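Following are the structures in question.
You will see chain A twice below: alongside chain B first, and alongside chain C after that.
Right, the complex of A and B next:
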């Protein structure tokens, strides 16, 4: 009897008294007062009210669950290519990859099945990097403002464009920029309401056209007024050969 | 026991008397062993411990006194609301009990209810997405089994609990037995899926699959239907006619002038009359 009471006291001390409000989670419970022992293979004794008093041992919804591993079974933009193994949070992996069928569970069979794709040479893959589509989209949307002098004569060079790209937040090497077929010279007021495009090569593979507009810059009083939302307004093509391509660019709506 | 020398008392009789089980009353006694197997898997087997941590081993020793006690894991009783059959709760259920929030206060009644959420599960074999009510435990079980189909097929009925899960399991098994007809548009994929899941078929016979996942009343009505179809009543007029023809044959009298063309050939209006036909037919 003493032993039993001691064990009861012990269990009562360990369990923290918390239950201040109702929470709806997966519960792991424990009897505060376990029922007495019964005969081997016999009936469980009739239980009293106190045998239904439970203490919360653990709440599994509060505990952090381990991440799960998945294998991509196709190219996913911004994530990876076939055969890439990802370690993700349970819900993200399930909802964003397993359910749409973009990935499968990383069990030994699937790892073996999609391993072959991993060894393929880079040329065979359709994309040079998982993030290249995103970069292409960003450049496609961009209306590049090329700031040139209003007083000094100039001829448009790749390094001008490189600097303009850098101002807009894109690091583009000069070698990746393909200039328009016609030389553009200035300052020239005719350039103001015109646009043209240059071609940027990403990772020596993907090519994307970028719209450019010349902006004449001058200090002090000669400064031209700033045009509000210039990227939303369509302009005339500077080079007639480029007109067809320029028509296909998207304009951000109001 | 039945020897005449033994004095049969009420006490002895009460010992020999065995209460009739579920499968020994009425039409239930005609349920096939295939259904009995499923019933055992569903209702008799002990489900896995979800809401408590079972103690390991057979014995434990009291640290203070050194006494040895047997370990008896008495499971926490669960409540199964009707809604459990419309979702897949992964073995979770409602626990009804008390909380002792303070040592100096009276215990208060409390229900521990699992958190339910509606999400989508993908079944490879059925080739569909399903919107079902689940718990977090279900999703982690699906992930642990590497897929919804594997989870359903590997888990015994006592852990699935819900009728919905059992019906889906039955449908998946039937689909596998027929060789995945839903993937017929892509024979390569069909073959792959069949190869992946065919191991589960080995533990069921076709009859067991047919009786799998039926509730008690569904099983009983199925038995009744089968029985009715087998013992379809034959109209007595057919029986009597057959008997009469046999009798006539045995007596050596040839049946004549009974064929239809002979009747039509006769001119007598009496033979053309059909007393059981409609008015205009007569």
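Right, the complex of A and C next:
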């Protein structure tokens, strides 16, 4: 088989340019009967009916288009920073990133232009990382339950809070936790309806306040009664200086 | 043959009585024509044994309905999640933190500190998840029970009674020191036969090969408990055996009903007042012990290992492949070309 492939174009009607639109509807065909050969520069023999019989090889309009790579040219919250390469679906990449001007196509020139370096200076007015805002929102909504013993005497330490964060599903190193100005000691029944806040520093830059409540743990019979949706009910501030900030926290309404 | 008899009769009768044509047929038994359509297919279908799958209890008003069950894949995978880049982050958006065994124990010790949960001697359980696929993709391993002795023992509430048979006074004394509740020779056999010692009170019965002949008379009484090499209860090194059965940890890997390729077990591997290094060694020994029943195929057997310590609900993931290999080595796999099904070992 010669394996000749021919493209079928739209019908060759001459139309004014304002009506011609681009349509990408290439069909890849193969001739069933080989056409007659001729010498170079020689007379081209007349093609017969059988030479215009084609078999369909591929319809390019039904083939799935591959995802494209784009390079961010600025800091985008929740996605990435300058120079990050994303692989996205065609339409999503165009509508959400290229059209608003947040990214460009990932050709070698653009990749070189927006190349990232390990220690590049932080852009002004942006977070230290694209996911810091999400972390800050999560921590802002959180009401941390700090489970302390009902029987043994204790003083609240950063590692207590670190362990409580880990139990609640947050990784917070001890160095990032800033304790309240007043030392909290217990076990103390006065702490039952009180709350305070601690400050968490993300990437040594952004600060966010996290509400905390002490829960006195006693195994077995002496356990406190079950409080439904305790995080939806506001409580009194433990430390008077913190009252102002604690009032501004959001509470979910039932 | 029948045809010929048939024809002979016909010819004989017609030759004798020319006007009357009487045909007498003989029932010979063997059939020279094909069976009626569907007879042989029916017999073949009857021979095929249909596998009866156990269906649980269905309330009377839901019987007869076609139940559409979507099976959730219990095999863990967080490949699609991102790797954390910040120092403070919510865990649900990122890949699970993988601790070393020592760090995980220390983390549990933090939450169980006297100032917090106030349970410094709580158990640490190792939750191990398995891929129970056998050599063939469609065949799965069954639930199995194993007993393994951990290098660093820790106090557990349960007590085990062991009956040990052997000859020789010194050996008897050794075994009693090792942890057997009752150790002895022919005198115990007599007591069993009299009825003074009741076999069902004892969890395990172990014996030395030299006393095996004396045990044969009470084989009927012992039934399942009779010491044999296969179950590991018959061994010349009785002292080791007694120690293993007395202090070892028994665990049952249960395969999931809905998803037979998933199996899991929760084994106590230590207490929080032990050294983290000792607990790590216990976990290592446990994982190596489980490899003995591994099916001889490619792919993971142990998929995940978590450390859990009640009353905390935290599950800290550790890397089990620090202690064991991820996949079987080539030589071990090639050894078993003839094996059809993986055999679950019981100890």
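Operating definition for what follows: the second predicted complex is superposed on the first by the 155 of 254 C-alpha atoms of A that agree within 3 Å, B and C clash if a C-alpha of one lies under 4 Å from a C-alpha of the other, contacts with A are read in each partner's own complex, and residues count from 1 in each chain.
In this text, a residue touches a chain if its C-beta (ideal position, glycine included) is under 8 Å from a C-beta of that chain, and two chains touch if they have at least 3 such contacts.
In this text the structure is predicted, and so the values were computed from the model without any measurement.
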| item | value |
| --- | --- |
| Which of chain B and chain C A:131 touches, first, second, both or neither | second |
| Contacts of A:105 with chain B and chain C, given as first, second, both or neither | first |
| Partner chain(s) touched by A:40 [first = chain B, second = chain C, both, neither] | first |
| First (chain B), second (chain C), both or neither touched by A:49 | first |
| Touched partner set for A:28, first chain B, second chain C, both or neither | first |
| Contacts of A:239 with chain B and chain C, given as first, second, both or neither | neither |
| Greater residue coverage of chain A in the superposed arrangement, chain B or chain C | B |
| Partner chain(s) touched by A:88 [first = chain B, second = chain C, both, neither] | neither |
| Partner chain in contact with A:79 - chain B first, chain C second, else both or neither | neither |
| Partner chain(s) touched by A:61 [first = chain B, second = chain C, both, neither] | first |
| Residue ranges of chain C in contact with chain A within the complex | 84-93, 97, 107, 110-111, 114-119, 311-314 |
| Parts of chain A lying in touch with chain B, wherever the complex brings them together | 2-3, 6-7, 12, 17, 19-20, 22, 24-32, 34-35, 37-38, 40, 44, 49-50, 52-55, 57, 60-61, 65, 68, 90-91, 93-95, 98-99, 101, 105, 107, 109-110 |
| Contact footprint of chain A on chain B as seen in their complex | 51-53, 62, 64-65, 67, 69-70, 72, 74, 76, 92, 95-103, 107, 110, 112-115, 119-120, 122, 129, 135-137, 139-140, 142-143, 146-147, 196 |
| List of chain A residues in touch with chain C within their complex | 128-129, 131-132, 134-135, 138-139, 147-149, 151-154, 159-160, 162-163, 166-167, 169-173, 176, 200-204, 217, 219 |
